[in-house]
Structure formats: C-alpha cells, structure tokens
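Have a look at the structure that comes next, please.
We just call them A, B, C and D in the order they show up, numbering each chain from 1.
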Amino acid sequence: MITMPETTVPTTPRGSRLPSWGRGVLWTALAVVMLTVTADLTGLPSITASSTVQAGVQLAVPILLAGLGGLWAERAGVVNIGLEGMMILGTWGAAWAGYHWGPVAAVIGGAVLGALGGLLHAVATVSFGVNHIVSGVAINLLGAGVAKYLSTLIFFPVSHNPRQSPRVEPFDTYSAQPLAGWLADLEQQQRYVLSDVAGVLRGLVSGVSPLTMLTVVLLVASYLLLWHTRFGLRLRSCGENPVAAESLGVNVYRQKYLAVIVSGALAGLGGAAMVLAPGQNGYLENQTNGRGYIGLAAMIFGNWRPGGLLGGAALFGYSDGLQTLTNGKTVLGLFYGVALFCWVIMLVQLFRKRWIMAGVAGVSGLVLYGIYLAVDDLPTELTAYLPHIVTIVVLAASAQRLRMPAADGLIYRRGQGS
Amino acid sequence: MSSPPVTAGGATEHPAVVLTGITKRFPGVVANSDIALTVRRGEVHALCGENGAGKSTLMKILYGMQQPDEGTIEVDGEQVRFKSPAEAIKAGIGMVHQHFMLADNLTVLENVVLGAESLHGIGRRARARVAELAGRTGLRVDPDVLIEQLGVADRQRVEILKVLYRGAKIIILDEPTAVLVPQEVDELFDTLRGMREQGFTFLFISHKLDEVRAIADSVTVIRRGTTVGTADPKSVTSRQLAEMMVGSELPSPETRDSTVTDRAVLTVAGLRLSAEDGSGRPVLDEIDLAVHAGEVVGIAGVEGNGQTELVEAIMGMRHADSGKVLLVDRDGKINDLTGQGTLKRREAGIGYVPEDRHRHGLLLTQSLWFNRILGFQTRKPTSTGRWLDVEGARADTRRIVERFDVRTPGIEVPAAALSGGNQQKLIVGRELSGEPVLLIASHPTRGVDVGAQALIWEQIKQARAEGLAVLLVSADLDELIGLSDTIKVMLRGRLVADADPATVTPEDLGSAMTGAGVAGGESE
Amino acid sequence: MAVALTSVVSLAACAKDSGGTGGGGTNSAQGSGCTLATPPADAAATTSTTTSDKKVDASALKVGLAYDIGGRGDASFNDAAAAGLDKAKSDLGVKEIKETTAAPNEADSAKEARLRQLAQDGYNPIITVGFAYAPALGKVAKEFPNTKFAIVDSAVDGAANVTPLTFTEEQGSFLVGVIAAYKSKSCHVGFVGGVKVPLIQKFQAGFDLGAKTAAKDIKIEEQYITPAGDFTGFQAPDKGKLKAEGELAAGADVIYQAAGNSGKGIFDAVKAKSGAWAIGVDSDQYKQPGVADDKDIILSSMMKRVDVAVFDFLRAVAGNDLSALPKVFDLAAGGVDYSTSGGKVDDIKKVVDAYKAQIVSGAIKVPTVPAGS
Amino acid sequence: MTALRGKLLPPVLAIAFSALLCTIALLISGGSPGSALAAMVTQVGKGTTAVDIVNSATIYYLIGIAVAIGFKMNLFNIGVEGQYRIGAVAGAIVGGSTNLPPVLEPLLIIVTAMVAGAAYAAIPAILKVTRGVSEVITTIMLNALSIGIIALLISQRAFGVLNGNNIGTRNVPQSGWIPGISLGEHGTIFGFVVIAILAGVGYWVMLNRTRFGFELRASGESPTAATAGGVNAKRMIVIAMLLSGAIAGLTALPELLGRDHTYTQISPQGYGFTGIAVALLGRNNPGGIAFGALLWAFLDQSAVSLDNVGVPREIVTIMQGAIVLSVVVSYEVIRRLELAAEQRRVGRQLAAAAGGAA
C-alpha cells in the first residue's frame, strides 16, 4: 500500500565553502586584475590611475553613507527611500554648522539634521503605519523644501546667493606616507601591471579625508553592531519577523525608531560628506543629485550586507569617478573590461555545467566586445550617467539572487500579530 | 466561578495561575467575559473551546500581549498586571504560539536567545545553555541551522526551547498539535509528560477532545468568551465535553453514501515543479491524480510537503516544469489546461477555496460585492467581458449572503468587518456560484466556528451529490477521513500512498504522512 | 574587513597632506612649451568703446531687472548685470529699481507673470538676464509695446521694443586661448565647461581656435560637467574640481573654465598642482572676492562685459537713443576682452593685442561651434 | 456619509496642519503669515494668474493621473519624470519634421508622445517582471538617464536646431498647434485642458466600470488574492506601467502644442515629482487629483506674490512637502479609524439581529 520514499532529504547548505569575507577579497582581487588587464590592453592608463581611484573614493563616500543608512533602516524592516531627503537636510545642517564652527561641527550638524528627517520617517511609518515608500517620497519633497527655505532665509544674507551657503572650511587630508610616495614612484614607472596596481592602491591611501576614515569605521562598526551584539540581533529580528520579536519582549517600535533615526543620521552624514567634499566647501541646492537613491541601490546590490554595500558603493563611485575624470573613449575601454569579465563568468559557469548561464555570459561578452571594436567614442551625454546605467545593469543581473529581510517594507502594528 | 477548582496537593501551595473575572472587549465583539480559571502547579491544564470562543485572547492576556479591561491575574499567589510579554516572561510564563513566532532567516540559536540576551549573552555561553536544556528535555535541534531549513516538528521544538531558555515554569501551548501528525503528537506528549515530572506547568489549548483526554490533568471549557466549567478529563466523555463547548453535539464531516462516478473530471499526469530558490530541488515530483465527478479526493500530508504547491500548480498560480492538467466539463469536452493561466482554468470550471483566505481569498478593505467579482471578472453575472456588471454583482452577492447564511448587515461592508466563519462562507458561496465542475478546497474549515464548519461541510456534500468533483486538502485528519471518498498521502512532493477512508485510522494516516511509520522521519 | 581596519589605523598614523599641493603630486608641469606660430604683425587694437561723454540723467527711469536662476550674488552673469545696474545708479542717478529672480525649473508662465507684473507696475526699461527669458519676453513685449525691454544673451525676433544684448564670447575666448598656448610649458591645455549648451560651446570654440592658431601642435582637453538640460553643472564645484583634476592628470597645465559657480572648484584643482595656471571667465576673476584665495594662479580672465552692456543700455534709454548701442557687444565694442590684472600676461600682451587687432579687423574669423561637434 | 467624510477630512486636516507649520516657520523668521496668505489669495485675481493656475493644473493633472495608475496597483512609477520628457521630446521631434493637416498633425504628435512615454516605461516594467528589479530604483536611474538622452536628441548632431543661444527641436508647424481658449487680458487657457478632462473621465470609467480597472484595483489591494482570482500579475504590471508611461507622455503637450511649439534645453523639468505629490494628495482618485493639481498650481503660481510682502517664496515648498506628508498620515489614520468603526457597527448590528432573533 505504501511506496517507500527515498530517505535522504536534499538539505545541502547553499553557502559556498569560502567565508563571506574571503569571497569579498576574491571579488576585489578579480576586479583589480580585470581593470589592470583592461588598462594595459586598451592603452588607457586612466582606468587604473590613482587620480581615478581617488575621485572614486571621494564620490563613493556619500553613497556608502547613504547606503549604510538604508542598511540600518531596512534591517529593521523599514524601507527608506527618503534617504535622499535626509541627505539634503544633512547638507544644509552640515553647511550651517560647518560655517559657524568648522568641519567637525559640520559632521555633527549633518548627522543631526539627517536624524530629524529619520525621526519624521519613523513617526510616519512606525507610529502611523504609512506606506514606507509613500512616506519616503514625501520626506524627499519636504527635505528639499525645508533646505531650500532655510537656505534662502539663512545663507542668502551671508552668501548673497539663495542656493548656496558661504564657504565651509574642509578637513585636511592625509596620506599614508611613505607608502603613498613609494606607490607614486611605482605608478610613474609605467611598469606592466605593477604600476596599475600601484595606481589603484595609491588612490586608496593618499589624500584621504578624516570623513572617509570615519565612514570606514562606521561601516565596520555597523557590521559588528548589527551582527555580533544583542542590540543588532534585536534590530534584525524586527526586520525578519517583528511579531515574533514582540512576542519575545523586544520593543519593536523602539528598535525601529532607533534604526530609522540612525539611518537618517547616516544619510545626513552622507550629506555632510558632500558639503565637505574637496572643491565643494559648502551647501549648494541639488548637490545631492540623487545620491541617496544610488546609495539605496548600492545596498540592494550588496544584498543588505555591509560588505556587499561596500562593493556596490565602490562600483558606483569608481564608475562616476572614471566618467568624471576622463572621456567617452576611456568609458568605452570599460566595455572591453566588462567583456573580459563576462567571459570569466562564462568559464566559471561552464565549469559548473550551467550551460544557459554560460551562453548568456559569453554572448554578452561578445556583444560588448563588438561595441568596443565598432565604436570609437561614446557621447558624453550618455557617459555622464554611467553610474546610473551601471546601477540598472548590475541590478538586472543580480536582483534575483538577492534576499531582503523578510518583513522589510511591511507595516507592523503593535499587538496585531496573530 | 461556575465550578470549584479541583483541589489536590498541599493546601498551602498557591496555584500556578488564577484568572478571575477577566473581561476583554474589541470593536464590535466581547472576546472574553468574566472568565475564571485556576491552574495548579505541575499539571497539564487543557483549555477547550471552539474557534472564536476566546481562548487565544485569554492566553494573550495572560502573556501580556493584551491587557484585560476587567479582572485580575494571579501568578504563584501574587496579583500581577503584565503590560508586555517581557513582564510575563519575567514572571515565568512562556507561550508557544499556534503560528510559530520564528524569524526564518535567523539561526536556531539566534531565535532562542532573541529578547533574552541578557541571560547568557549571544555567544558561547548561550550555546552551552541551549545544549543543556535540549539534553534535559530531549528537544534536540542543531543551533546553527537557519529556521527556514527546519520542519514543523523541529520548529515547535525551537519554540519550546525558547520559552525554557527564558526560565519559564508555566508554559502556554496554543493548539500545538494542529500542525503535527499523530506520531509527532505522541512524541510531543512524551516530552510534555517528562517535563511535567520536572515541575513545569502547562496550559494546553485545543479543541481536539481525544488529545485533551490523553494529556490533560484537568480541563476548563470556554464558550462564547466565558468559562462554562472545569472537568476531570479522565472521567468526562468527549461527547460531554463537546456539549460543554458548543451546547450540542459537534458536527461530523461524515458522508453517508458514495456518489462517485467513473467520469474523471480532473486528470493530472506527471506534474513536476522545482523549488523557487533555484536549487532545482523538486517540490512536486511526478504527480498523477484523477478526481471523478461526485468524488471527494482528500490529500493528506504534513505541511510543507507540497500540498500547497500542488493546489497552486493545478490552479495555474505556479508554472509546472512538466506534466499535464486536463479538465472535463459538464458536456464532456476535454479542456487541456496545461500552460494556461489561472483565469482560463477558473473559466473552465474550477472553483477554489484557498487555504489562507486573507491572502488569497479576499480583498479585505473592499465591499462584499466587490469581492464577489474576484475570480469572476470575465463571467456573468458580474461582468460582460470587458465591462463590469456592478448591479449583477450586487444582486448575486445578496443571493449568496442569503443562501450561505453569511451574517452581515449588508453587502457594502468591507470583507474585513466579517468574522472568519462568515468570510469563509462568502468564499465558498462565491466559488460554488460559477457552476464549477471541480472544487479545490484547501483547509476549508480552518479557524472557523462550528456553525460555519457544519454549513461548509453540508454545502460540499450537497455539491458532491450533484456531481461536483472535489479536491480536498486538509490538516484535520477527521475532516479528511470523514469527507473523502479517496485519500492520497503526500510526502516530499510525491503522492506516496492511497488510503481508504472507510478503514483507515488517523494513526495509519499519520504513519504514511511521516514516511512509513518512521517517527520524525522528515527531520533526518 | 581586516584590510580596511589596518588601512584606517595606518592612515590615522600618517602624514597630513600639506595644504598647497595635492597628495604626493610630483609631476609638476615640465617642458619647454609649444612651438609657437608667428604672431600677426603688431598692430594696435582699436577698441572703440561706445562711451560718449554726453552727460545723461536717468533719475526719472523706473528700472526693472529680472535675473535668471541664482540672481544677484551668483558671482556670474547675474552679478555682472547687477554691477551694471549699480553703476547706473551711481553714475546716471537711477533711483527706482525693482529686481526679481527666476526660480529653478519654473515654467515660462512664471517668467511671463514676472515680466508682466513689472511692466504693469510701470517699470520701463526692463532688463531680463539670460536667454531663458526669450520665449516669455517674446510674448510680454508684444503686450507692452511702449515699454523698452532688453535681454542679455539672446535676441527676440519680431519685437521692435526688445534690445538684444549679445556678446561674442568666442572672440574673447580666442584671446585667452592664445594666452594659454603661450603660457603652457607642456603645450597641453584644457577647457572645462559647466553645462554643454551652445552658449558655453562658444567659449570652447574660441579657445580651441585661439590655442591652435598660436601653436598648431597643441593638445587640448575638453570637459563639460553636465550635458545640456542638467544645469547643475554650473553649481557643482566638487565635480568641477574633479574634471579639472582629470585634465591636469592627463597633462594639461593651463585650464580655461566657463563653469559658473563650479569654477571655484576648478581653481582649487589648479592651485593644488604646482606650475599650473587657470583662466577665469565672465568678470575679471583676479579681482573677484569669492575666489580671492586663488588669485595667484589666475593668469587672465575672459571678460564678458554684461555690466557694460546693461549700463550702456540704460544710458541709451535715458538719452532716448538706442541706435547708439552696438548690435553685438563684440571685441571691437569692448563687450568682450581679456584681463591683465596680476601682470602675469604682461610679457605677451603685445602678441595677444596683435591677434585682437586681427579679429577686430575681420582677418581672423572665430567660429561659434567647436570643431567636430 | 462616512465615506465622504473619510475622503474630505484628511486633506482638510493636512492643509490645516501644514498651514500651521508654515505659520510657525514664518513667525520664527519674522514674516507675517496673514499678509503672506492675503498676498497669495489676492494674486489669483491679478493679471493672468488665474489662467496660469488652470494651465499648470492641467499639466499636473495629467501627470498625477499617470502616477495614480501605477499607485493603484502599488507600482511606484517614480519614472514619470523621465517618461514625460522623453514623450515630449519625441513628440516635438516628430511634430517638427512633419507637416500634416490640422487635427492629424496634433494627433500624430500626441500618439508619438504617448508611445515614447510608454516605451520608456517599458524598461522598468520588463526588468521588474523578468528580473525582479524594483521599479523604484530603475525608474529613478532612468529619470537621470533621460536628461542625457534628451541632450543627445536635441544636440545639433541629432535633431536640434540653434535659436540664438538656445537649442531645441524644430518648431511644430501651425497645423499641429492646439488653439487655446482666450480670455483676453486674463490670458489663454490651453486647449489641452479638454484632453486632460477626458483623461480624467476615462480614468474613472476604467477604474470603476471595466474588468481591467477591477484587476488593477484588486492587484493593488492584494496581489496574492488577485493572482488567486485569475489576475495575471506580470501582465498587469506591464500594462499598468505602459499605460502610466503613455499618460505621462501627454504631460508636456499642453505647453508644446499650446504655447512653446518646440522642446528646448530649458523646457521645464520636475513635473514628475509634482505628479507624485498630486496623486498622493488626491488619493489616486480622479476628482481628488484634480483638487490636488489645482491646489499645487495655486501654491506655485501665487508664490510670485510673496516676494512683494518680503517673504521668501520657498516657504511654499515647505508647505507643499508638509501637505503631502500630513495628507498620507491622515489618510492612513482615518482609514484605520473608519475600518474599526465599521467593524464595530457590523458587530453591533449583528448582535442586535441575534438579540432580536433570540
């Protein structure tokens, strides 16, 4: 009467053998090798020039901070599309405090104003149960409006320009000497591959602002805090199953409030990073220019993990830096690099016997290589939006492998769990 | 207090829990009214009552998730007032919810220590403590696996571990057996008995009377939000208990005579479906199935073995990798539904009572007549092709309300305003309105009151008698055995056994559901 | 993670970058400069400013001024217009003045409303700053035929009461192109535009030709901060700095900027690189307070005399003789020019003036569109 | 009655709340709220302001509808900004290079703009249903990219012509213009207002009387229940997105066909976010959106007058942001209160019925 089923349950763990940091190192190394090879084969040294990397770092910092803000909020279950608005508030706060009391005050001012935006989002989404995206969009409108008004009211008399703050003193920058100097020499020598790697490394260790260091510290601290402390466990449980968390005595509202306020503060810091960016030295209307959204995308790309977020922010910062510093030809050179990358993926997939994926990767590589050969320049009208295009392409390629916190974006009402 | 608490043991010892005069009102309903309950230390105290009687509300009050409007709670002789679960936990009360309160993406250890990190941290000491508890009670689970990889029985172990970890001495179990097969129930009861010896007190909520009689030391019955009385389960009969619960005999799903014909309405052949996580693991594997006109085919299985996927694959809500689905309509025309969308399948004559009425059955904030259109947006009387027939929908909704005894003040109220039983009656009414040739009913009476349950059973029987083919999925083995003409057992995505409802016992079925009597077989 | 930590630790321990030069910048511009073309025969430039000494009293005028986005204080052409107005106030006795400013992204109807309001309130003349006003002005000017309008940077067809105040930015840019070629040690110069719009491309076109005319082998970098339509390019000094750094890294050592507020960042980038020069735009930026920190690296500036045009227009209206105004404020009319403040181009002034004479005489024609775009 | 209250109360509360907020902001900054309000209200009667409000509202209404179509099924088409601009520039290019007789020419332009808007909306729709990429992120990125695409299209290398210092598409021939309704010195109302009204009526009918509208609403309310009810979620996403993009494509046409006749580098941007705000204000309801569009247009157009009373007109942007935020909050609160009230009412009636029967 009973047909016996097979007794083994296929419960092979899905993770790979490498620990996650190991994979990060591997990916980073792979990316650097790819860029190096590309730079040498295409004869476009700016792909690995220290100036490109340095610009990339500078442009990645606000994105990283905004993304970190997104990470905090979404790990606690609140989608924060309002990062952009909080960032704008942060730019105003940073400029105002920075103008009066210098760069350290600017950092604090940015964080405080951003946190206020976060508080607003928390009130709307947590206490009132407003749809998270709706509230976020509204906060973006409000943040822009408030910054505009305050700028007209307070900056205009000093700067004589309603859209701009007076000059804010920036931080001094630091270089890891003598390492940076030594790498500089190496980069100058134009040695095959070696100089490219030196260029990349030099970009990372020279001209570093304290804010960049702070960002790295915050990234590491967020990781430790969220994944290795009781506070973090509680916070993440609110993003996974708030009803369960509440049933265990976790004050879900408080955790969410805290997370979203921290999220706002981090976004505000991102704003401060823009105000203190070299050459900028102040508030300017529209200066965030959608970086809050890109930060969110970087976090999604990073699979709601700090390490992944770092990778995402680095990718966007680098592509933005490259397109800013160079021209269509160099961006076109990237096509070559991405084609190489596709072929590496193809080999990996062939090895894993995933024929379709391998085919897709191989064909994509061919198409990109074809474009590289056929076109000799790209219009700057389009290369200016390289980070945005990269965002779309990267998400399209990776979105299905991602896993967001289970209760992310869901409205949670206290006591209404089953 | 309608009957005095049974006094046993030392007179000086305070009872573990005493509830007096508990009253709780919600918008529109009084959930609890003047409830009295006394639980002695070291006993398993069952709390019986039908769905909607107010058991869960009462337990949430005891656990601090809700506050009573009136009444007092005493724990170990001291009057307490819990503002949150945290305070109840502190007083030594733990609760295992009917719907597990676990975060799928966290590990067992993380789930256990969550909220109680101050006891032993979240690291090595916590792990040691969990291991120690598991050893003492026999609740063994690997602390480092993610919850999503665990089966139902293991999840329940984690839930119990959770409350033990917090030092709970009084443990509320809210319908713990609802999702278990008989063998797992036995295992659970063994664990409970062992723990009772160690001095734990259990409050056991159930409406399965034989289970109550098997495990409980005393039983309190509540009906319509108030206590009817307390009895000794050893001396009371199931029938007496049932009368205390609903005031009359419980309805029975028993069908009388067979109406099975040899006309196959639904034929499923070689159905295969892979898991959505991309692992390629099959969740449905070579399913062959036929349902004939006038026949109820029951699918038995432990939750998570593919029943949901089978139903959704037949409904076209999931796309099978391979396999055929054929449906024969009243005129004998064969419709090949393979690869068709849900709407086409519904139009071909499938009615669908989903297992989760809130997620799949209703648009909660919309009116009843708007809900009537759902699934029928292309058919009369609610629609004329591209255009809706609002008046037709209203009229037909009134008919359903009348015929299926949906208790509502009108058809303009939002579906959310109805009770679970009335919502379910509306869905069943709607799905039987389209002159279906096949009804797929997933857990059609889960969480509804006795009246609605009886009505739904009666309607299914009646439709079956008129030649309807029914595919029934249920976790309630009595319902399954009572209603079905044929029972098929599902295990790990395959139909592994057939059973004859006339002869099979729940225990036999349970053995088959867990894999040929290997107790706990689905977890290693 | 460990890598990141160590790098933070080591960074914290290490050297602060000295203020003037960028991190480890060692490749200061070296080289002997360009092989220069023979400059044209030395001829005195005939700059005929329209200044006539006739005393004009404008105290009866009610002057309305509608600025483009940014308004007074933008350190750019709005400010230049304001300077012309201020001069009219002090020199011509203009008393009654109303200034309004456009909001970012406003519709034409808002501009129309603003102009109509001014005209209805009796302001006459009304000056609008920026070509963005052209469509709105085209309509409003017809409704108020007795009001005299002027528009900076544009012309309005078929409206007799609108005086166009346009400039030959390409001619002035040609001259600073020559300066750049002469001053570059690496024979490699750069241009950074704010937004890639035709107006800014005129600057680039002139600069390119000037540099190429002076030294035909010269390498020229060209960058715009944003494409047309995204006007944040005039408002992004951080991006301007990066753009300039990109050009400097590519080897350019003289950079001409036409980037509005973003110019500040470009100056900062140039200042951080030893041996590099910058060329300013619109006003004599050597004297501009907002960029005073950077005056030592500003070689010269391409001056677009919006202030002169506004002042001249007001005087012409007061004197009731609009015909005296030049049709275009070109090099000959003194509408554009290069600045010599700071004395860094004194050594080549003769050469530049010779080219200037050639342009004024028409011997050199400067295009308004860069080659190849 | 309660339904009407539920619809009207939130916006009223929200406006009151944001007025309060602005009053505080004004008082702190030393302005006078009374005179500011008076200036804004009296501005409506001045010159062409009233007509300008109607004209702006026409534009806001169209884009509000476009956003609302997405919102109705929980699709956040933040990309209307890019879609309307791509639609407008496509319409202007086609209009500038053809010369059909009247009626046909504007029709061609309208269809082109709608198709282009829909095509640009197709990208996020396809990425969402095939790759599972959130439309929120893709549409935001595509908004930025649209600036580059437009810059490329209206450059002289492509379809642009230089007009003074401005660059834009060729002028649409007169046969393509849609004549306005002239009110003499009070200005001219765009003829396109008729099309906007038709779009609103069509939206209402679609939503309440068609199968598609039902499926849209069902998907928005509960995607799972809709799927079980036979609604093809992916198909709905694509259709709703295309429809939203097509309506967005109409947005800039009132100006293009009624006033500017060319699309240039300085043509207005930023209607997209206004559209989102207006749709939120109007709760995706055709009547509500009209109200929201008029309110928004009033605030925008009357803000000019604030300069006269020495109040920074940027106060209006605070007011707008505050209104949107408080409107969504109050809708949510009122919705919840009403549902609870409804449940109470049903419970009471049933109890009464049971009592009567017993």
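Observations on the structure shown:
We take it that contacts are C-beta pairs under 8 Å (C-beta built on N, C-alpha and C of every residue); 3 or more make two chains touch, one makes a residue touch a chain.
In this text, all values refer to a predicted model and were calculated from it rather than measured experimentally.
In terms of C-beta pairs in contact, the better-connected of the chain pairs A-C and A-B is A-C. Averaged Cα coordinates give subunit A a centre that lies 36 Å from the centre of subunit C. Subunit A and subunit B, compared by their mean Cα positions, are separated by 44 Å. Centroids of subunit B and subunit C (each the mean of its C-alpha atoms) stand 76 Å apart. Taking each chain's centre as the average of its CA atoms, subunit A and subunit D sit 31 Å apart.
Multi-chain contact residues of subunit A (touching two or more other chains): 156, 162, 381, 384, 400.
Residue positions 147-148, 151-152, 155 of subunit D are each in touch with at least two other chains. Here, these are the chain pairs in contact: A-B, A-C, A-D, B-D, C-D. Listed in rising order, the residues of subunit C touching subunit A in the complex are 1-5, 7-8, 10-12, 14-17, 19, 22-24, 26-27, 69-75, 101, 104, 196, 223-224, 226-228, 230, 232, 235-243, 245-246, 249-250, 261, 264-266, 268-269. By the touch rule above, subunit D contacts subunit B in their complex via residues 208-215, 217-218, 221-222, 224-232, 335, 339-351, 353.
Residues of subunit D that touch subunit C in their complex: 46-49, 52, 55-56, 147-148, 150-152, 154-157, 162, 164-167, 255, 259-260, 265-266, 268-270, 300-301, 303-304, 307, 313.
Residue ranges on subunit A touching subunit C, taken from their complex, read 21, 25, 46, 49, 51, 54-55, 58-59, 156, 159-164, 172-177, 179-181, 184, 188, 202, 204-208, 213, 216-217, 219-220, 223, 274, 277-281, 284-287, 289, 307, 321, 324-327, 380-381, 384. Interface residues of subunit D, counted against subunit A in their complex, comprise 25, 29, 76, 78, 127, 131-134, 136-138, 140-145, 147-149, 151-152, 155, 273, 276-277, 280, 312, 314-315, 317-322, 324-325, 328-329, 332-333, 336.
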